[in-house]
Amino acid sequence: MMKLKVPVIIVNYKTYSEATGKKAVKLSKTAEAVSMESGVNICVAPQLADLASVCDAVSIPVFAQHIDPIVPGSSTGHILLESVKEAGAAGTLINHAEKQLKLCDIEAIVARTREAGMVSVVCTNNATVSQAAAALEPDIISLEPPELIGTGIPVSKTKPDAVTEMVKLVKHVNPRVVTLCGAGITKGEDVAAALKLGTMGVLVASGIVKAKDPRKVLMEFSEAISKTM
Amino acid sequence: MMKLKVPVIIVNYKTYSEATGKKAVKLSKTAEAVSMESGVNICVAPQLADLASVCDAVSIPVFAQHIDPIVPGSSTGHILLESVKEAGAAGTLINHAEKQLKLCDIEAIVARTREAGMVSVVCTNNATVSQAAAALEPDIISLEPPELIGTGIPVSKTKPDAVTEMVKLVKHVNPRVVTLCGAGITKGEDVAAALKLGTMGVLVASGIVKAKDPRKVLMEFSEAISKTM
Amino acid sequence: MMKLKVPVIIVNYKTYSEATGKKAVKLSKTAEAVSMESGVNICVAPQLADLASVCDAVSIPVFAQHIDPIVPGSSTGHILLESVKEAGAAGTLINHAEKQLKLCDIEAIVARTREAGMVSVVCTNNATVSQAAAALEPDIISLEPPELIGTGIPVSKTKPDAVTEMVKLVKHVNPRVVTLCGAGITKGEDVAAALKLGTMGVLVASGIVKAKDPRKVLMEFSEAISKTM
Amino acid sequence: MMKLKVPVIIVNYKTYSEATGKKAVKLSKTAEAVSMESGVNICVAPQLADLASVCDAVSIPVFAQHIDPIVPGSSTGHILLESVKEAGAAGTLINHAEKQLKLCDIEAIVARTREAGMVSVVCTNNATVSQAAAALEPDIISLEPPELIGTGIPVSKTKPDAVTEMVKLVKHVNPRVVTLCGAGITKGEDVAAALKLGTMGVLVASGIVKAKDPRKVLMEFSEAISKTM
């Protein structure tokens, strides 16, 4: 029973200068404003050091970019679920292409988020890996072909078959899992294409964070969702 | 030209429940109060999700437990120096026994902290590794024999020769590096022993965080420093 | 279309002194002799440095303990499929509890073994992870609860439900995948129990390698298989 | 008291197709022939699966490309010093740019090689890291700027100051350590330049392995050494 409303746009701030510190808070307020105005669910995933201040500043769902497969104790320098939850995070990205994890750790992290009532978003690099991830019963699986990340070449238009296959394989294993896609998404039509392929939204980073006018692009994405659904 | 006043007590909160979220802020205020009362420099290293709120709450130096060897950009889930600096961190632990790093990454992180005017504390597991770390010109090297961490068996009393050797080897390579030791430190006499062996303080975790009365133990540590110096 | 005959006993030599160098060759000859005498398929997984000499010495299937997700090129210190194949390996263990891998790497390695006509044995730590692994379409999945490895407490008798669940979940995703189990297997009755739970054999290490008389134990295992099937 | 004769040419076979399996043996015989003819010490570092057959085929020193910081026991998929030693290896590369290691592991591996009477070659990416490595007392340190590896742009001619600085810093910490350099070495003049900068030879890979006529290039390298020394 996931609490996240779909369709959804998740904005990953990565470690971009444009979304670090005060700029992370500012961008999050922009995302919140667009979400309120458009009625489309928009979530943000700031860096960990900015997580608490972003959670304090906005009421849209905020995600960690990563947590470690640990319980409270002696794990200096690791990311504890309890710490991000108390900071206000609604969920976490897991296994992003830039932070790929061991299979056993993905399983452990997904299980921990489930027990904690947090939303798990497992990122995957192809349809086969997505199917494997579906067996772990995360809330969301987001396909992001690594070769397209940051390119502006949209997965939803360039690799429609991979997205369709991913949606099919995930549903086969676990029909409750929500599917997203990402990589190269920069326009409303890319988002519309993603929905038409069977996903329930997009995971986006540079397309928003590095946009000249993030508000405008977020609004374009939201309108594409409103029109498509 | 390090800005950190020595001798120093650095309290590592690890991922202990007793020092997560609001408890991290509370413990930091205790540390600040003892530092003000005793005049001894006390620093704290909370979890990353608590870093900003701790930095907001206290004026003693706050450290990250880890940063990654990255520059701003596409590094989802990694820890960017700029993010912890903007949150208010004065420095960072590097290569803690529970987060051991590649040699090339330690070098890159120390170099980044130097450029950013942040304090680097490289943790090491023996005297030879300490000597190697000294060549990287960090501000501080802290020897923590892994087998003693969390045991209550103090390195400064159990392995005095290892500490003396570490101090000597580090000074040989780089006399400007400040040396600390840690592992098993729970009493004022352990701290005093550490100073007598030539270090300028201690890195401590469970000895404070899991103490029944952290204030009392911190005060005991501080008095041991005041009497010894 | 896997070429490996089942049921099967796979003996993992780990990095045990008792199965390094000439001793690896000797133990492999013992395994071959028992396999010939009993008619039960026995495979061995020696260390990489011993792989070629073991392959030269015996005609039973020999496995690598690990290969890396790489293609020929600039990967100093990594294990290339082509190198172990040319040495004579019939397949490889993947993701052993002592060498756990990223999900994306397991997928890539399984795909490479398939293209190369080699047998893939993916090790897993629980039933959920086994189901995920099944989506990657390896030839074999071997469940080894980490807490039982090397204990002599047999998974097949201590955790029968976990094994049954694993077999069921794997078959649900991919009925062509052969299932094994391992950890704590030291007696013929442990092997018989494993088969009765629906697996097609065992992955065993210390139970054979550290046995006073490996030949005798291998024979006991083989007889248990012959009687059970 | 290192047993390796210097100056020396170490040929790293990486995971190149041109130096896998039988081709590894053939190239090693070529290296041996050139070494005998020229009187210059040439060593080879084949892949692990080829180590034993190369050691059997030639009498020049053979190196592993990597070993793990482990002792005999339960380390499936890891590389045990004892296994490569029994296969005939004279030493091992450590911390190659393509297999970078934790500082504590480099220290442990160097210590193990010393106890085993094997030659340790620690690879480093810059002069500072080289100085740190020198504190670990390996037999050899080889500087290889990662950005030049495989380019054909020779470190010895493009970055002479980095090489000179490396030699100076290493000698300052430990005058017994032999220094090499590598990356982009393809001609005799590159080797001569390396010696003139104070090193005792080169670590080379594609310059030999991917040469049209490896014998000819190895002879050119050897002659450059003979003329320079």
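As written, the chains take the letters A, B, C and D, and residue 1 is the first residue of each chain.
Note that a residue touches a chain if its C-beta (ideal position, glycine included) is under 8 Å from a C-beta of that chain, and two chains touch if they have at least 3 such contacts.
Everything numeric here is computed off the predicted structure, so don't read it as measured data.
The fewest steps needed to get from chain A to chain D, moving only between touching chains, is 2.
The chain with its Cα centre farthest from the Cα centre of chain A is D. Computed centre separation for the pair chain C/chain D is 34 angstrom, with centres defined by C-alpha atoms.
The distance from the centre of chain B to the centre of chain C, with each centre set as the mean of the Cα atoms, comes to 44 Å. Multi-chain contact residues, meaning those touching two or more other chains, do not occur anywhere in chain A.
In terms of which chains touch, the assembly is arranged as a closed ring, every chain touching its two neighbours and no others.
Chain pairs recorded as touching, per the definition above, are A-B, A-C, B-D, C-D. For chain A in complex with chain C, the residues that touch the partner chain are 95, 100-107, 111, 124-126, 128-129, 131-137, 169, 173. Residues 12, 14-17, 20-22, 45, 47-53, 64-66, 70, 72-80, 82-84, 86-87, 93, 96-99, 149-150, 205-206 of chain A are the ones touching chain B in the complex.
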